[in-house]
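Each remark here refers to the structure printed beneath this line.
Read from first to last, the chains carry the letters A, B, C, D and E; within each, the first residue is number 1.
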Amino acid sequence: RADEVTVFAAASLKTALDEIAAAWKAAGGGEVRVSYAGSSALARQIEQGAPADVFVSADLDWMAHVRDKGLVRAGTEVRLLGNAIVLVAPAGSQGPVDLADPLALAAALADGRLAMANVDAVPAGRYGKAALTALGLWRSVEAKVAQADNVRAALMLVSRGEAPLGIVYATDAAADPGVRIVARFPADSHPPIVYPAAVLAGAASPDARDLRRFSARRTPARSSRRGASSGWTSRSQTERLGRGHRDRSSR
Amino acid sequence: MTIEIAVRHAVPGFTLDVDLRLGNGLNALFGPSGSGKTTLVNVIAGLRRPGAGRIVVDGTVLHDSAAGLDLPRHRRRIGYVFQEARLFPHLDVRRNLLYGRWLRGQGGGRAEIDAVVEMLGIGSLLARRPSGLSGGEKQRVAIGRALLSAPRLLLMDEPLTALDEARKAEIMPYLERLRDESRVPILYVSHSVAEVGRLAGEMVALSGGRVVAHGPTAEVMAGLDILPGGVTAEAGVMLDAEVVGTEPEWQLTLLDTAAGRLAVPSGDLPAAGRVRLRIRARDVMLALDPPVGVSALNSLPGVVEAVVATGDSAVLLRLRCNTAVVFARVTRRSAANLDLVPGRRVHAVLKSVALDRAMISL
Amino acid sequence: MTIEIAVRHAVPGFTLDVDLRLGNGLNALFGPSGSGKTTLVNVIAGLRRPGAGRIVVDGTVLHDSAAGLDLPRHRRRIGYVFQEARLFPHLDVRRNLLYGRWLRGQGGGRAEIDAVVEMLGIGSLLARRPSGLSGGEKQRVAIGRALLSAPRLLLMDEPLTALDEARKAEIMPYLERLRDESRVPILYVSHSVAEVGRLAGEMVALSGGRVVAHGPTAEVMAGLDILPGGVTAEAGVMLDAEVVGTEPEWQLTLLDTAAGRLAVPSGDLPAAGRVRLRIRARDVMLALDPPVGVSALNSLPGVVEAVVATGDSAVLLRLRCNTAVVFARVTRRSAANLDLVPGRRVHAVLKSVALDRAMISL
Amino acid sequence: MGRLAGFELSAEEWTAVALSLRVAAVATLFSLPPAVGVALLLARGRFPGHAILNGLVHLPLILPPVVTGYLLLIGFGRRGVIGAALAEHLGLVFSFRWTGAALAAAVMGFPLLVRAIRLAIEAVDRRLEDAAATLGAGPGIVFATVTLPLILPGILAGAILAFAKAMGEFGATITFVSNIPGETQTLASAIYTFMQVPGGDAGVLRLTLVSIAISMAALVASELLSRRIARRIETR
Amino acid sequence: MGRLAGFELSAEEWTAVALSLRVAAVATLFSLPPAVGVALLLARGRFPGHAILNGLVHLPLILPPVVTGYLLLIGFGRRGVIGAALAEHLGLVFSFRWTGAALAAAVMGFPLLVRAIRLAIEAVDRRLEDAAATLGAGPGIVFATVTLPLILPGILAGAILAFAKAMGEFGATITFVSNIPGETQTLASAIYTFMQVPGGDAGVLRLTLVSIAISMAALVASELLSRRIARRIETR
């Protein structure tokens, strides 16, 4: 199936990539098969010779890991999408939280938990921890963090009311009516949130080489359902975010 | 105490249909393989629910289909010695024996336990698990387990078949005592006429799921020739007898029966009191004159009353000796030779050694 | 064909230690419960590996501990009727019966199968599963299964105990024929002297894991009084006999034995040829003069040779009638009355009906 | 020291080990009685909802663990129908507690436990139970004195399966009670965390070996125990 | 249509359903023979490596599924020691094929299968096997004609457990063979994918119900079958 592109993509990108793939196909770009899984699993699979043409990672680290193994076709790497992290609370809750106030976050939590994705392993968690640290808030909430398997699970903990606050991607917060954003983390408080994509060295599909053309169709502007902002950062923002933090491992 | 059983129970290809009223004591259930003995016993124990019927033991209704009544099996207080031992594999012999007792909170009764253990010869097995026991050992433990559970009715399904004669001879007197002293009625399944004759007051003969004969063992035995699985060799009569004296030097005991006086080996017979004596037709020799110079000690004068049955080579004759009936089986040729027709006066000659302990029940 | 068994097998608390050489035909293994019969049979079948020893059947070494040789059980070609039926629960009766045959690729032999099925009376059970069978039915199917597996040695562990007399009477002649016609040696475990006496050419008595008597059944039987579990009632002799004539009108058959001529009921006896007759000591009455006017048809002149054993009430006398030994059990009182001391001339009086089919083996 | 250093556990990891043991043990022990009950119902009962109960028991096996975790969250979370009631009336809180991890492990292991026990119950010779009944034992006593001892090896087999499963379970656990070091971070969650980061393989290996060692020890112990029980109740 | 629309499956989802069925069926069927063999070894064998074999069998239960998946990837992947050998000599490729998903499901279900069969074997009355041997049946024939028929209910119970497990398994599968639509995307992986995106709940519910329906059907069928077998071999 030479005309078919197999994309290994981080599972959190499903909504966005499905739209991009549909647009690509509509523009005569041929079939796209996307295998959604955790970036770690995908990277290990690529390492073991997976028949993937394109890798879209949830963070720069796993992309760097794959690149270091010599599995990425040189010069094909792009920053496909960007994102931001926000502090969310269940939909019915009160007021915003002032992240500049060193006591506000802990006070808002009271004896509840702060839902985050795994702060050591999952990108969203790592970004959140970095931001909280940069803002000097980490110590005050460290013991109250509930680390979920992934950012979606963290979101769910908040929307189900299990946790009063959570740190998730802006895209997730935008898609879930069960939560409202109570604070946005400054973009410079954490490493850039970018989703790098690259053509893999073993890519079989000729179309895959045209990743730039593929990635041009990225950035779904609007979430079709609610008409609100989907939360993805624009292309220009993404490029900007990437600069200066290029390829830095956050660990 | 009475046992009323009127049940109908059908499985594909077999129907048990009995209506019985049994008295106290030991009642035998007799019949060929597949005649429904185990099925009936299971129904009484509550292990099979009859299609229809009523079972009453000692005034307690165990089952009444019409009234929708069915006493749970564990409340029936029935001791059941199964045809296959069914010992608990996870308990040692001692715990198997005491299982029922323990449930009824009767830890005590050491003497009774010891007596049963001794009688069954299982003292050396108490700490063992059932898995290593021989067939007969298992069966003995199973008997002990049922005996010790203080039942109000004891069901024993071929309990002694796995045992040797000597062991049977040890257990039978115990069952006699149980029957006579404990007032626990016993329903005793057996193929052995000798066992039944010795132990059972009443006897029920089953065939094809139906009762074909029922009555005092003596009477049913007398008709054994006509029973299915005709055990001709064992046909005979049961006589009530009174111990009237002993001849200590010869170790003989004298019994007075309705047929006359008989000398039998003393063995463990009491020195006084009543016993029952079984006289098998095949053990009776007939003589026209009182025999002299023969080893047989007993000779009862009597009259031939009837030819009960005629076989190929032998006839079964009913004699009246005094007031009692005695059967004799002789060859047709002897019957012709001696002209043994009704009315003929004869002497029934009986060896004392043929009237051994197996023929006498206490 | 011979069977050599010299094995020692110990389990905690019990040691089997036998050294036997058995001839062809049916050999009985006799002994009280727990004496090691099943253990021995299991060792021969290969189900228990003896601690040490050697087992040779018909020249084939089944086991030789010294040589480290142990023929796998499935290659021993031993038909085994277990003490508990052990039918395959997932196969119907027919498939149970044909299991061994099917394994040996002998689908045919319809006639033989039909004969076995008929003899065992299990024709109506063929399509049933073992679970619903009665105890006796199971046992009969188990017998059929072993018989039909074309074994070179047949082990039967109390095969008839679960059966009624009538059924036994049907199966025994079949076993006699099997013994005589098929040349398959049979090791037959039984507690029943009657069965053993009728069927077995040789007899081994076990007690506590050891052989306490071994020899021709007649000889061992004669010594039964001294055997453990003394089955005194069954003591007697076995006599070889020749059918010399019949009295068709009376359905009697005349047998010539070393002790003299005897008339017995004809039944299914052949009109000519040799049979064996068991005469129980308890059935022998002694008379000083030939009795007249009595129903007993047989009277053998003889001489008291010895008092073999003396019990409380009875003595066992050894007589010589012609060239044969016959035992008689009489009360001590009779022995004294008639002065039955060695050298005394007497007549052994025997009822023909006491010499019934159960006492005769073909 | 040098070469072994890589295999030394951090304090946090020791905590995870201890927690895993506690979670697995509690999950197994507490699910035993209901598992025996359900197995008994399924093996012996003939009632209308039989198939449904059977299906329900198998559900945690059929569903992806995260879905099970999600359902647990909905049911037993702080705002969950059952969770709220339990918290109010019994003071029993599952959400973000190790008890929740135990609940998740118990639920995930339940089908394994029930199946093993059910198989054992179905293998029991009911004639022995009949014999006990004639000796005066009511259904409860028959169960306690005959059935239960006879199915012990099956219960043990099921328990060891459930324990092993609890040691390895993390999908439902992390979804239900997330991953709070010292509270709900079990060995499996810790391993998973290491799997997610590049270069975490050494950590994965180390904790995996610990997990295997613990489960092996449990396995060997259960084998010995079960062999001992089996020897006591063999019928041969 | 309107209200049902949410429950209609897309073409891709139908593919996932079909694939799941195939994966679960193949995994269960192919793991049956080795499971019976291993169960036999564990139940009857007395050999030095007994404990190790037993531990190995339980490993997939003890390890977090992602670790199992990772080990499979390393061992049976294109570059894996075993995977490379199999591909070269037998042309059997697991990596990123549905066969790999089946392998993962088989491995994950193996402990359940073995345990169920082992319990059944241990419940067999060996005296019946002895009887068959005296009738001339060698060990293999005894097994085929006596043991096997008697343990059928246990095998069935194990198979249904393994099948259900295969339907729900995704941790090891997604780690080993990824989540490629039409090739390795099973129902469980599809559910996982839905769980990862906001608003995927409807998809999760829909696919979960399909998964449950399939497993329930299998469950009910196995119950009926097993009851039929059990009736044939009851000893009462």
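Criterion: a contact is a pair of C-beta atoms (placed from the backbone, for glycine too) under 8 Å apart; a residue touches a chain by one contact, two chains touch by 3 or more.
Just so it is clear, the structure is predicted and the values come from calculations on it, not from any experiment.
Novice: Considering only chains that satisfy the touch condition with chain B, which of them also satisfy it with chain E?
Specialist: Shared contacts of chain B and chain E: C, D.
Novice: If every chain is reduced to the average of its C-alpha atoms, which one ends up farthest from chain C?
Specialist: The most distant chain relative to chain C turns out to be A.
Novice: What rotation angle takes the CA atoms of chain D onto those of chain E? Round to the nearest 5 degrees.
Specialist: An angle of 180 degrees brings one copy onto the other.
Novice: Given that chain B and chain C are copies of one sequence and touch, is their interface built from the same residue numbers on both sides (over half shared) or different ones?
Specialist: Because over half of the interface numbers appear in both copies, chain C and chain B meet with the same residues.
Novice: As a quick test, compute the distance in whole Å between the mean CA positions of chain B and chain D.
Specialist: About 57 Å separates the centre of chain B from that of chain D.
Novice: In whole angstrom, how far does the Cα centroid of chain A sit from the Cα centroid of chain E?
Specialist: The answer is 35 Å.
Novice: Residues of chain E touching 2+ other chains?
Specialist: 66, 70, 127, 192, 195, 235-236, in rising order.
Novice: Would you please write down the residue numbers of chain B that are in contact with two or more other chains?
Specialist: Touching at least two other chains: 84.
Novice: Could you say which residues in chain A touch two or more other chains, in rising order?
Specialist: 38
Novice: Could you run through all the chain pairs that touch each other?
Specialist: A-D, A-E, B-C, B-D, C-E, D-E
Novice: Which of the residues in chain E come into contact with chain A in the complex?
Specialist: 66, 69-70, 73-74, 77-80, 95-96, 174-175, 177-185, 189, 192-193, 195-200
Novice: Spell out the part of chain D that touches chain E in their complex, as residue ranges.
Specialist: Going through chain D, the ones touching chain E are 50-51, 54-55, 58-67, 70, 111-112, 115-116, 118-120, 122-123, 125-127, 153-154, 157, 160-161, 164-165, 167-171, 188, 191-192, 195, 204, 208, 211-212, 215-216, 219-220, 223, 230, 235-236.
Novice: What part of chain A is in contact with chain D in the complex they form?
Specialist: 38, 40, 43, 61-62, 64-65, 113, 115, 118, 120-122, 145-149, 153-154, 156-157, 160-162, 251
Novice: Quick one: in the complex, what on chain D touches chain B?
Specialist: 127-128, 130-139, 141-142, 145-146, 149-150, 232-236
Novice: Enumerate the contact residues on chain B facing chain D in the complex.
Specialist: Against chain D, chain B makes touches at 45-47, 72-80, 82, 84, 86, 88-90, 99-100, 103-104, 129, 131, 145-146, 149.
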